[in-house]
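Note that chain A is present in both complexes that follow, paired respectively with chain B and with chain C.
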Partner chain A sequence: MSTYLVRRFLQMILVLFISAVATYALLNFAPGGPLQGLRQIQQTGRTTITEDDIARIRAYFELDLNLWVRFSRWLLGTPRGPVVIGGKEYFADLVVGCRKPIESEIIDENGKYQNVVVGCKEVVYMKDLVGRRTSNGLVRGDFGMSWRILRDRPVSDLIASRLPKTLQLIGIQTLLSLLIGIPLGIYSAVRQYSTFDYIFTTLAFMGSAMPTFFFGIVMILLFSILPKDAGWFYVPAGLSESVRNYTVPGLGEVIAGSFTDRALHLILPVAVLTIVNVAGWSRFIRASMLEVMRQDYIRTARAKGLGDKVVILKHALRNALIPFVTIVVFTLPGLFSGAIITESIFAWPGMGRLYLLALGDYDYPVAMAIFFIIAVLTVIATLLRDILYTVVDPRIRLS
Partner chain B sequence: MSKNRLMLVLSLVVLASMVLAACGGPAATPATIVETVEVKVTETVIVEKDREAFSTPHPILGDLRVRQALSYCTNKSDLLASVYPLISEEARAGLVMNTFIPTSHWAYAGDANITIYPFDPAKGAALLDEAGWTLAEGANFRTNANGDELSLKFTTTTAAFRQTWAAIWEAQMADCGVRVVRLHAPASWWFGDTTGIARRDYELGAFAWVGQADPGGQTLYACDQIPHPNNGWEGQNAMGWCNEAASSNIKLANNTLVKDERIAAYTVTQAEFTKDVPSIPLFNRTDTFAYNAALTGFAPLPGESYYNYNVADWAVEGSDTIVVGFTQEPASLFTLVEDAFVANLAYTFIRPLQTTSLNYDFQAVLVKQLPTLENGGTTNNDVEVKEGDMVVDAAGEVVALAAGVKVKNAAGEEVEFTGGTVMMKQLVSKFELIDGLTWEDGTPVSSADLELGKNIACDPASGATSFITCEKTASAEFLADGVGYVQTWIPGVQDPLYFIPVWPIYPAHVLGTVPAADWATNPLVAETPLSYGPYKLVEWVKGEKMVFAANEHWVGGAPKTPNIIIQFITAESAEALLINGDIDILDSTTLVGLSEALVAAETEGKIKTLINPSATWEHIDISLFIR
Partner chain C sequence: MTASTQVAKLEAEAITIEERSPFQVVMMRFRRHKLAMVSLGLIIFIFLVTALAPYIARFEFDEVNVGKYFVDWGTVDAETGRVHYMGTDNIGRDYFSRLIYAGRISLTVALLSVLISETLGIIVGAVSGFYGGWLDAVLMRFLEFMLTIPTLPLLLIISAMLLQNEELIPIPEPLLNFLGDFLLLGPRAARNAVLIVIVLAGFGWLSSAQLMRGTVLSLREQTFVEAARSLGASNVWIIMRHMIPNAMAPIIVDASLGLAGYVVAEAALAFLGFGIQDPIPTWGNMLSATQQFMLSRPYLPLVPGLPIFICSLAFNYIGDGLRDALDPRLKL
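Right after this comes the complex of A and B.
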């Protein structure tokens, strides 16, 4: 087991490194970026952006450094200048980037004009990195500074401001989904082809098929806007809490920011996510249970005269849950990444919205941090899944 | 192409790494990435520039009659109806654009002085016939004597808004026998630095300009602003329109300081513009606001994007709090480096505008007056300059005066400096803040605060984007006997907006010793700046809200509503939150137009809506030359 864990741990490091390289490269090669539009500003007359301005802004975002140098500074927090050994500096004159690139125009194969970098007017040496701001590196838990969303302030602050809301939302909905989905799936399997099973199956398909954005809007209309208009009990349409007190029929005045206020705001987004999840998970449990219920050992258990309850809960359920572990364990990355669409519909200030914002605003340090944390959680979840297999199925041995 | 391949390979690597993670199998080596990057570098090929580019008139659009016909065949009201179906016909009429300046603007030439092309397909058809593009019996599209079809490529973005009106325009052109082939390109290409409009890569191209209180226009309509391979694609006159009268007048309008002269020059330019039809102005977009029906004092006006200019007058009966919905959170309140609209809007609650531009004109707010030449607040002196002095040359660049540099002398003539001295114009303006302006901690605003503003704005370490104002400043003397400064520009600066204050106000007693490099990260700058406005920022919960409370030291007295909250919402939730009463105001950055839900809520008396002509206006540019 320990050999297995060591091997897996090394594999995880390799996988994470590849993920880091790939996500970093993807974002850096993607069109757009913080310099987008600078040339257009340059031409608008009143605000003039000079070559020096562009060079300064490029340096501010480290875009004047070679990709490998940038990547290394992001991942490891180094290089920060020449290597000093015994008081002597090494690699001080190593070229690590270009402050002012020389661009030339080409006509590509489609006859379109393209600007390409053909040289460098002013290079950046290793010694120029001394004193430049940089993160301590991802490996030390420093995700650097946000470029746009929380300009010039730590990405970790930004994540810390959104993570509790996402944990709250996803945590509660996962718990509810398990508490509702598993019993429903079991009951539906045990009462296969019953009226309940037909109704439940229909609803489950509807829940799975309905797009979250549509479902969310329908829920807002049915449980917030229309009942409020009618003077009935209603729940808030969005946000995580109110900024001023309000009155809910049947509940009285709700104080903004109180526990009741926050609980009421959780109802709709949690309901949407839970219903969608329950629909899928319960179907999975149902299918898994049906599979297990046909096994010989279940027949044997019944033949031994065991009661239905014991057969289902002790013999069938435990085996039916084995494949379900693979699904549940992957909610771990979801706890961090949030639910993009649901958070948007209910204006929930969580990680999903942050992720979307980071990509839309070219805030690459934030996007890369989220990517990387999700990758870490995914590999951890994978390992966890494998370990859990051995717990729920004694036949499996890790070696 | 190689970029696409690179993206594909990288995407596959990401997927592969995830699969490996899931399977626990052996991981791929990173060698592929290194290999791919090398491909990109070695592909660089340099070819000669096409020096003969854009000298041939467009075979179809080079004919004025065709351009006029396209204008007559355009039903702007129907285009508006397609994108704003819920606004009245009367409101639509107010949004139609006939030239490059909106009708309510001080620089608008007036209907009598421009050529207006009302929707008149018969007239359009007659002009096309006259130009040799005739419609054969039974044919859908016109052809010329050679049998060539009248077909034009129309390029614009993929935005749903433009797809909608472009489809209607395509049909309108088809009714006149003109085939329009629509190409909806990604905005990144269409507005790219080296693609689309920037490279004049279109026949008919639609996009929007943003109008301002000062209409500018020199880079758009002057003959020397036509982007071309030979001038490094400088300028924004991508139509290739060169009309000497228009060109000289747009330059005059942009460089004279006398308002009446500016109006006259803009009038000539607009007359020529509408006569030559290098572009078809279509319509103003709308600025749509929706707000709590009980809200009073809320009065956004065209020309001033900061609709909270009068926030102290806002009130909701029976409520001590007004909630404004923002779909974007400010990244920082250090607006010197963070220029997003929402950041400036939030900033305006605590540090109001020094001037406003309501209805496209200028008003003094925190300054005692706009120092104009007419009221004596500004003087335009003749000064003697010599070699080595910093000046603005005839092209508008800041340069050290040296032999060969062309400048405008005091008489307004362009002369080449050959040595000795030359007389040039130099603007000197005195800006004085209103009395009683006080920081929220009770410290009076002083000239030192303005001096700090200048020092930070001109320090490259602050992270500011442009320093052109600093470079054009000869000196700024801060008043000892008042709160203000005397701004002296370097010789040659003849900016029509010389009367607009230039330096921000920062609290020297709090931030005077903080190095410029630390400002962007300093919480007192970026997150909780001290207020001298009607409200002070008391709390900023990231991702959720900004809470403002009345500033008891505000010179204008207590605002009508004690608390303002900016609530960060999403576009998807915005209308529901307004209709449900969770927020009180939705602005035009959230609302792209009226929706049926808003109209219904207004009918029920829950909310009110307001539609102003936006500063942004749609137009179709016509490429007059081909490569």
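Right after this comes the complex of A and C.
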């Protein structure tokens, strides 16, 4: 077991390194990025942006450094200047980037004009890196500074401010889905071919085919907009709490930011996520239960005169839940990344929306941090699943 | 009475059943699944309407009617006499025309994605499962990891990157022109659609490859493969002639369920603003545009939303019916 864990741990580090490289490469290899707007301003010629301005902006985004230097600074927090060994500086004159590239317009074979970097007017040496702002590196838990959303504030602050909202949403949702989904699946499997089972399977099938974004909008329509227009009890939709006080028929005035206000705002997003999740999970439990119920040991248990309750809950359910562990464990990355679509529909200020915002706004440090954490959690979930398997099913041995 | 006449008599008395090809058997079983048949009918109807889009739609999808914003259903255009069957949107574009052009684009993107991802999946899965070895081991670890990462964040990060650098992946001009003609779009707009296909199929093939590999692994041990090999069949022949045809049942079911998935995924990307962009209509970005008018026009989101739901449900039911018809033991 311990050798297994050590080996898995080493594998995990390798996988995480690869995901870090992939995450970084995805957003940084591609041209364009945060300077795209700048180039357009330059081309219109109405505003004057000097070469030095551009050099300064490029330095702000670290775009004047070579890709490997940037990556190393993002991941490890080095190099931050010349290597000092015994009071002597090494690599001080190593070229690590280009402050002012010379661009030239050339015509490619299709007859299109393209800007190509042909040389460098002013290079960046290793010694120039001293004193420049940098993160302490991903490995030390520093994700760097945000570029746009909260400019010059640490990405971790941004994440910390959004994470509780997502944990709240996804936590309640997962709990409810388990509490509703498992009994529903069991009941439906035990009463196979009954009217309940028929209605349940049809609804669950439709539920898992229902796109979340459409479902969310329909829920807002049914429980917020239409009842409000009709003057009935309605549930507020959008944001996690209201900006000003409002009155809900049957409940009286709700004070903005109060517990009632926040609870009311939770109802719709939680309901959407729960219903979609229950549809999938209970279908899984049902199929799993049906398979187990056909096994010989269930017949044996019944033959020796055990009651229905014992057979179903003790013999069948325990075995049916084994494959379900996988599904539940992989909600872990979701706890962090949130429900991007649902958060976006309900303007819920959580991680999912932050991720969307970061991608749309070229705030790459934020997007990379979130994506990397998702990868880390996925790897942890995989390990957790393997270990949990041995706990719930002692026949499986890790080696 | 000689032996031969006896045999002849036997033949005459034997109950003869009409010979059916495997295809006929499957079709017969598929017909029993009523919901799948209804779904098939619906899908054929939607395909026909979207295929005939230029003849049915009275307006161009990007034709702006100045001053006619949010006109009522069935309003007649005074100048040309054309009817706005479903009124117009917030900048005066005919809603009905946009809806069916959107269907054409959404469905084409889904179909192309399925085609590419299943083809890639079949090839990679078959080769990996058949030959095994270290390549198979590495590939499967990679697939496993990719498939456990939450899909949406991954899709979003890739399409965000691709949409910002449209020229990053070189797409042959003739292909863009052909697709543009088919989708009734310009080459630049067609590029947007192709990028989304690349993003979707780029992930879709992972699960198809895993599925195909599993099937090939179990087929490899079958006696008929051994028989083929002992008759001197080459590996390529065995894969092409024995593995792939025998693994078609799960692949067909997977493709049908995949169509549902891609319609929803494309719409989700467009809904979140990282898919096909306005003015090119898709059901997803039309739905997203209705969100800001929900307070004044609460029923508007149902118009582009229902087709997504119907397509998703229908492809799922068809997949369900196909599974029952092809091999009910399949777990997909």
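Simple rule for what comes next: the second predicted complex is superposed on the first by the 392 of 399 C-alpha atoms of A that agree within 3 Å, B and C clash if a C-alpha of one lies under 4 Å from a C-alpha of the other, contacts with A are read in each partner's own complex, and residues count from 1 in each chain.
Note that a contact is a pair of C-beta atoms (placed from the backbone, for glycine too) under 8 Å apart; a residue touches a chain by one contact, two chains touch by 3 or more.
Computed from a predicted model, the values in this text were never measured in an experiment.
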{"item": "Clash or fit (per the criteria above) of chain B with chain C on chain A", "value": "clash"}
{"item": "Which superposed partner A:26 touches (first chain B, second chain C, both, neither)", "value": "both"}
{"item": "Residues of chain A touched, compared between chain B and chain C (which is higher)", "value": "B"}
{"item": "Partner chain(s) touched by A:382 [first = chain B, second = chain C, both, neither]", "value": "both"}
{"item": "Which superposed partner A:166 touches (first chain B, second chain C, both, neither)", "value": "neither"}
{"item": "Which of chain B and chain C A:353 touches, first, second, both or neither", "value": "first"}
{"item": "Partner chain(s) touched by A:225 [first = chain B, second = chain C, both, neither]", "value": "both"}
{"item": "Region of chain B that runs into chain C when the structures are aligned on their shared chain, from 42-50, 78-86, 132-140 or 294-302", "value": "78-86"}
{"item": "Common ground on chain A, meaning residues reached by chain C in one complex and by chain B in the other", "value": "15, 23, 26, 30-32, 36, 213, 217, 220, 225, 344-345, 375, 378-379, 382"}
{"item": "Parts of chain A lying in touch with chain B, wherever the complex brings them together", "value": "8, 11-12, 14-15, 17-19, 21-23, 25-26, 29-32, 36-41, 43-50, 53, 56-57, 60, 67, 104-107, 109, 112-118, 146, 148-153, 157-158, 161-162, 165, 213, 216-217, 220, 224-225, 228, 236-244, 246, 343-347, 349, 353-354, 375, 378-379, 382-383, 386"}
{"item": "Chain A contact footprint on chain C (complex, rising order)", "value": "144-145, 148-150, 152-154, 156-158, 160-161, 164-165, 168, 260, 264, 267-268, 271-274, 284, 287-288, 290-291, 294-295, 298-299, 301-302, 305-306, 308-309, 312-313, 316-317, 320, 331"}
{"item": "Of chain A, residues touching chain C in the complex", "value": "15, 23, 26-27, 30-33, 36, 205-206, 208-214, 217-218, 220-221, 225-226, 229, 287, 330, 333-334, 337, 340-341, 344-345, 355-356, 359-360, 362, 367, 370-371, 374-375, 378-379, 381-382"}
{"item": "Chain B residues within the chain A interface of the complex", "value": "1, 3, 6-7, 10-11, 13-14, 16-18, 20-22, 24, 26-28, 30, 33, 37, 44-47, 49-50, 188, 191, 193-195, 198-199, 201, 216, 218-219, 229, 233-236, 254, 319, 321, 323, 329, 331-332, 334, 337-338, 396, 460, 463, 465-468, 497, 520-521, 526, 541-545, 547, 565, 567-573, 576-577, 579-582"}
